[in-house]
Every structure is written in structure tokens, then in C-alpha cells.
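Some structures to go through are shown next.
Each of the next two complexes has chain A plus one more chain, namely chain B in the first and chain C in the second.
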Partner chain A sequence: MLLPFYWVLKTAVTNENIYAYPPRLLPESPHLFNFVDVWYFIPFPRYLFNSLIVSVLVVASNVIFNAMAAYALTKSFPGKHAMLLVFLSCMLIPFQATIIPAYLITSKLGLLNSYLGLAFPLLSTIVCIFVFKAAFEAVPQSLVDAARIDGLNEWRIILRVLMPLSKAAIATNVVLAFIWSWNAFLWPLIITREPTMQTLPLGLARFLSYMEDTTGALYAFAAMVLAPSIFVFLMAQKEFIRGLTSGATKG
Partner chain B sequence: MMMPRWAKSRWVVAPLVIAGATLAWNGYVALNDGGVVEGQVVDANGRPVPDATVILLERHFVMHNERQRTRTDGAGQFRFAGNDNHSLQLEAESASLGRSERRVMRLWFRAQNVRLSEPLRFTGKLP
Partner chain C sequence: MIPKIGRRGAWWRKKRTRELAIVACFLLPSLAIFFLYRVLPLGWNLLLSVQYWSPLKPPRWAGLDHYQEMLLYDDVFWQSLKNTLIFIGASPIAIALALGIALLLNSDLKSAAVYRSIVFLSYPLMTVAVGIIWRWMYDERGGIINFALRESGVVAKPIPFLQSFEWALPSVIVAEVWQVLGFYMIIILTGLQSIPQHLYEAASIDGAPHWAQFGRITLPMLRPSLFLCAVVGILNSFTSFDLVYIMTNGGPGHATELLITYIYKSGFGQTKFDYAAALTVVQFILLLALTYLANRAAGGNAGSLERQ
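Now for the complex of A and B:
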């Protein structure tokens, strides 16, 4: 499973042709100058900054909005099942199919070429709402009732009771939202108007169009784009796995 | 004194370590980014070559373009100032000795102060 990552790193620290036969397992004369090239040939720090801003917006809004939506879905109200069905149905529609209306809405809101606009379609995601819903439903109702008797309102019940007991769900939200926003290509491509607002995946495409003999530098770029999401995953992997598997079995 | 529990969290320690390493690196860069490139030119026998022309070429995507020229002093030493690139090539030429090999120099950051570890060497063959 780690072999593709190793191959990316190995190619990044050499200038080997990836189609060379027989392939070499160990890098020959490794060096880190391809990373320096990537840093300087395109405005990498600017792309990194843009990607970080968008990811922070997406992660924060996902945790907040998804928790609120999930709490509502743990309650009984008329049309709840219909709403759940709508949510599940919406998960079947690929983003590419709704990208034109999403673009028009973002345009009407005046959010084109802005950080909020870049984050807009990912501010809340249905999968993560269901992750929170499963976590909240696992909290004993008696705890929520006790909190209500103690005088906590609904907001405080979410913040003080449910969220601290749903760390795995929060971690899952953080990791998934971060990876989705970090790797997004199509939406930033159509919504940005200036190179200074582009994110790292767009920078990768730009880098490819600039350079020719770039096997090593290209893989160095890929490694630099991958590194933050791998870092976040490694930091939260325990909670992430627990969050994904919670609710998988009953009893 | 006991450290608070949150201070030992990996979510605090790991970003702090990264921030510290970044600060240290930027400090090192700030102290060494004068853009000075120095070295020596010698002939095939290792003797310094005075009054040779040294050409500094810098990489621009796939090409290397000439950026500066200078001449060696009596001890064969040369010095460029104001380099602001990270991928360079150096070449020396002399009317009597021809051209030296072209030396590729990869720097860790733009305008890094650098001195050639090995001198530019004329092979002795005239063009």
C-alpha cells in the first residue's frame, strides 16, 4: 500500500525516468533540489496559503454546520424521513452534474474569485452530517435530558454534551473535509479569475504547462501537495477510523 | 512545574515543532542571502588563471540565460554579487585557454551566498 508513496518520493529526490526498465528500487544520487525548483518556479507559497485558507474555512464550517444539521436529524419532526431520503438521494448526484447551478448561485452571491466562494460547495457535506448523526445517536438520551433539566439550551447541549462525546466524528469531519477541499480541482478551476487566487491542484496544472523535463520536479510538487493531507490524516487517524466505523455495527 | 495536558497534545506539539523549524530555516536564510557567488579558476595543471572571463548563467524554466560576467583577479579568484536565482551555471573563458567545463550549481534558496568547493578548470584544449 505504501509502494506508490515510496515511488513518488523516490522519483521526487532523483530525476529518474519513471518508465525506465528495469526499474530501480533505490534512488540513485538522491537530492532535494527538485523541491527548491517547485518552491521558486511557481508562486508555491501563495498557492499553499490559498489552499490553507480554503481548507480552514471548509473544515470549520463542516464541523459547525454538520453538527447542527445532525442534531436536528436526531430529533423527531414531520417530514424527517422525507428529508433523510432527500439527503441520501443528493449523495447520488455527482458534483459535476450540479456545477453550473452552483456556479450561478455563487456568482449571484458575488463570491466568484474569493476564498468563501472557493469553499462554498464544501461548507457542509452530507456524508459528514451522517457521521455526526450516528455519533449523536450513540449518546444516551438520558444525558441530553439531564442537561436540559439542568437548564442548558439546545446550542449548549450540542456544544457541552454532544460534541465532547463525539471526538471521533469531529476527527472524521476534519480529515474528510480537509482532504476534499485540499484536492479540489474542478471548482477552483472555474471559480478563480486570477492566478493569485488559485490553489495547489491548479498550481500543479500550471506547473506542468510551464515545465518540460520535469519528472523529478513534478513528483516533488505532488509530494509537497500530498504532505499536508497525509500529516492531517496521520495526526487524526485513530479518531478517523473510529469515526468511520462507529455505527457500522449494532448492539 | 507540571505542563498542562493540552500542551502535550500532538495537535499542539507537532505544529509547534513545524513552526519552530520554519522559523529557524527562515533565520538561516535571512543571514545567508547576500547573493554572493565566489570561486576560483585554474588551468589544467591547477594553476590560477588571472584575467579570465567568468559567466554566470541562471535558469529560467528550461533555459539557462547569461546574467552576469566578471573577470578573475591575479589569484584566479572571481566574485559575483546580486545573484537572486537558485539554479545557476558557471563557465570560464580565456583567449589562450578556451572554455572551461560548465559547472551546474543548485542552491538551497534564492540568493544563497556560495563559494565553489572545486575551482572552475580549463581542460587545456582550445576551442
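Now for the complex of A and C:
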């Protein structure tokens, strides 16, 4: 399972002819020049900046909107059952199945080539709403009632009572939203036309078409792009897996 | 006479009304996003598929023309449909593999946890980068797979995996399985851990051998998890766009063309949005039909069972 990681890292730190046969299993005189090249010779910082902006937008709005929606879903209201059904069936619509109208809608909204347009479809995700809902339902009702008697309004109840008790759910939201926006490829590919708005996956694909895997720099690029998601995954593995499985089993 | 007791005052001042207003406000942002990017596109997509669409002119009614063209005259459509079915058809093998791994790793040992992380590690990675890694692994001259095959004497000449008509699709499928295997495994592990232990104890007391315990307890209890894996496998035919786009871009010829890459090409490559919409409808129907079949195979209401 780990072999591909090794092979790409090995190629990223070598400068020898990578087509030499037989390929060396260990890198000879490893160095980091390829990484420096990537940073300076392609607009890597620009891609990184774009990716970070979109990720921050997505993560922040996911935490806020999902918590709000989940709080509403813990209350009883007419049509709640139907609402839950709508959410669950929306989950079965793969985003890729809607790209063409989604593109038209985004262009009607005038959001092509913009950060908001890049982030829009991911601003709230159903899986994460259910993660929050489960966490809020685990908070004892008496605590919420006590807070209400103390005169806290709905916003305060979410912020002061429910959120501090749902740290794991927040972590799950942050991790999943980050991974989804960081890795998104098809959507940015469709709606960005200018290189200055492109995110890292697009930059990587562009670089591939220029270089046609003749250089270690390509693999250095790949390694640099993979590093954050590997880091986030290793840091928050438990939250990540719980989010995926709870979301998955709910649908 | 008993005086009527009840909350008085205008309806907008009632506590209940205020509560409902809050619920509505809190749901609004998420609902707006789902409506704009899930529900509305689905309907619009259907509408587009029966229209002649062009960027500047107003759309005209087309009836089933696009479907007719697709089904009768479009060889690429049939090729990509076949490839998509092969792609989906490979997922039971991957699920069986994941089941094996999950059974091996279903213990509280520290080392099992480490292996679990390693198997799962590939799932959250950026698919574009994964595609580049696998391209390099399959490379004719510098790739480690050809190197291993040649060194062990299996083949005399290197195989150009991604450039050959026979090998390209299986090669892409292997890369796809590598990435999604960990997710299957996690779903199955969660299912395994929810099986009550006393079932096995009772079976052991009754003298049931291990294989019978597996067939009579483990597999039936895992049905919802396996159904879920199957759904993920079916959905992957949509989500594997990134991998195919990077590794082969549908080539050589159309040997690895999936419906989703073909949709992208006709929609955004040739600006035939209407035709691409018709293709999307076909793929969506395929997805629903296969999900329904998987649900039947898993014993009817697998989804609702899981929700308990």
C-alpha cells in the first residue's frame, strides 16, 4: 500500500536521469532542489494562495451553516420528517451528475472565475449536518433548558452551550470540509478560465501537461500537494473516520 | 361555565411562531445551497436533455433527438457505457478484498490500528496527485511495476500499460481500487464491530465451525455495510473523473472513456451542453437502477436497517 508513496518521493529527490534502466531503488545523492524549482518556476504560491482561500471559505461556512441547520433539525417542526428525507436523498445525488446546470447557474450568478463560485457547492454538506445533529442530540436537554431559563437566546445557546460540548463534531466538520475543498478538481476545472484563479489540483494537472513526466519537479509538486492532506489525516484520523462512517451509515 | 384557557395575542407574538421562524432561518442557508446545486440542477439537466441548446440563442424543443442520436449513432457512448459497467463491475472484487483485510485487522491490537491507518491513508489524498503517482508507477521505462516484472522474468519487454488498448482500463481500475480500498475497509470494520459478540459465543457452544460462523453470522450481519460499499462503488464511476482525466484522459482512443469523462468532453470540450445533459440523465438512471439492484441483493431495506 505504501509503495506508491515511496516511489514518488524517491523520484522527487533525485536529479539523475529518471528513465535510466534499471531504475535505482534508492535515490542517489538526494537533494531538495526540485522543491525549490516548483516554488519559483511555476506560480505555485499563487495556486497555494487560491487553494487556501477556498478551503478557508468552505471550512468556515461549513461549521457555521451546518451547525445552524443541525440545531434546527434537533427541534420539532411540521414537515421535519419530509425535510430529513429530502436531505438524505440529496446525499445520493453525486455532484458530478449536476455539473452542466451547475455551471450555468454559477454563470447566471456571475460567479465564474471567483473564489465564492469555487467554494459555493461545498459551502454546506449534508454528511456534516448529520454529524452535528448527532452531537447536539447527545447534549442533555436539561442543560439547554437551564441555559434558556438563564435568559440565553438561541444564538447564545449554540455558541456557549452546544458548540463547546461538540468539539469532536467541529473537528470532523473542519477535517472533512478541508479535504473536500483541497482535493476538488472537476469543479474548479470547469469554472476557472484564468490561470490566476486556479487551485493546486489544476496547477498540478497543468504542470503535468507541460512536463509530460520528464522531470522530478512534477513529483516534488505532487508530494507538496499531498503533504497537507496526509498531515491533517494523521492528526485527526479518528474524527475523519467517524465523520465518514456516521455520515455513510446515515444514508 | 369554564373560562377558555389558552395563549392569547396575535399569532406572530406566540412563542411557537417565533420558534418556527428561527428553525426556518437556521435551515435557510443550507437549504438554499442544496437547492441551487443539487435539486435545481437535476431538474434543469432533465430539461436541457430534451432541448437544443446553444450559448447565445434561446433553447428550442428537441424531444428525444439527443437520446436517439446517442443510442443509435454514437459509438463512443456505447464504448464509455461498457467501460463504466466494467469499472463498476470491478468493485465487488475490491469489496471482497477489503472484507478480507477488515477481517484480518478486526482486533484491538496496536499493530492492527497502524495497519488500518496505512490502508486508509490513500483515501483522503488528492486524486490528481494519486493519478500522477500511478502514471509514474506504470511508466514504460522508469516505472517500478515494469521494473519488477522484468526483473522477475515475467515479461521480456516492458508493457506500456496506459498506452495499450488491453491494459489501460485494468490499470486505471487498479489505481482506483488502491485509493478506495481503505474506505471500503473502514465501512466493513464499523459493521464488524457492531455485530454482538454473544452470537459467536452461542455458535461456538453449539459447535459451529469457523467457516459456518462466517457464513451464517458475519456475512448476514454485514449486509448493510456491504450494501453501502456497493453504493460507494457505483458512485465511484462518477467520482473517478479526476483519476481517468489525469492518467489517460480517456485514451488510448476511447479505451478508458467513462461516461463522466465523455460528459465532460461533450459538454465543456465541444460545448454540446444539451447532449452532455442527455448523457448525464442516462448515467443517473444507470446509477439509480444499480443502487436498486444492490439494495434488493442486500435483502430489501438495507439502508433503513442501518439507520436504526
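Simple rule for what comes next: the second predicted complex is superposed on the first by the 207 of 251 C-alpha atoms of A that agree within 3 Å, B and C clash if a C-alpha of one lies under 4 Å from a C-alpha of the other, contacts with A are read in each partner's own complex, and residues count from 1 in each chain.
We take it that a contact is a pair of C-beta atoms (placed from the backbone, for glycine too) under 8 Å apart; a residue touches a chain by one contact, two chains touch by 3 or more.
Just so you know, these numbers come straight off a predicted model, no measurement behind them.
A.B. asks: Now for A:Val127: first (chain B), second (chain C), both, or neither, which partner does it touch?
C.D. replies: After superposing on A, A:Val127 lies clear of both chain B and chain C.
A.B. asks: Touch check for A:His31: first (chain B), second (chain C), both, or neither?
C.D. replies: In the superposed model, A:His31 contacts chain B only, not chain C.
A.B. asks: I'd like to know which partner A:Pro101 touches here: chain B for first, chain C for second, both or neither.
C.D. replies: The answer is second: A:Pro101 touches chain C but not chain B.
A.B. asks: For A:Met235, using the defined touch cut-off, is the partner it touches chain B, chain C, both, or neither? Pick first, second, both or neither.
C.D. replies: It touches chain B, and chain C stays clear.
A.B. asks: Is it chain B or chain C that touches the larger share of residues in chain A?
C.D. replies: After superposing on chain A, more of chain A is contacted by C.
A.B. asks: Regarding the shared-chain residue A:Tyr40, is it in contact with chain B (first), chain C (second), both, or neither?
C.D. replies: A:Tyr40 contacts chain B only, not chain C.
A.B. asks: Of all the chain A residues, which ones make contact with chain B and with chain C?
C.D. replies: Touching chain B and chain C on chain A: residues 213.
A.B. asks: For the complex, which residues does chain C have touching chain A?
C.D. replies: My answer: residues 19-20, 22-24, 26-27, 29-31, 33-34, 36-42, 44-45, 48, 117-122, 124-130, 132-137, 139, 141-144, 147, 150-151, 178, 183, 186-187, 190, 224, 228, 231-232, 235, 238-239, 241-242, 245-246, 260, 263-264, 267-268, 273, 276-277, 280, 283-284, 287, 291, 303, 306-307.
A.B. asks: If we count contacts the way the header does, which residues on chain A are in touch with chain C in the complex?
C.D. replies: My answer: residues 1-5, 7-8, 11, 18-23, 61, 65-66, 68-69, 71-73, 75, 77, 83, 86-87, 90, 92-105, 120-121, 123-124, 126, 129, 154, 179, 182-183, 185-186, 190, 200-201, 204-205, 208, 213, 218-219, 222, 225-226, 229-230, 232-234, 237, 240-241, 244-245, 248-251.
A.B. asks: Could you list, by residue number, the parts of chain B that touch chain A in their complex?
C.D. replies: Within the complex, chain B contacts chain A at residues 10-11, 14, 61-62, 86-87, 106-110.
A.B. asks: Which bits of chain A are touching chain B when the two form their complex?
C.D. replies: Checking each residue of chain A against chain B gives 31, 33, 36-37, 40-41, 210-213, 231, 235.
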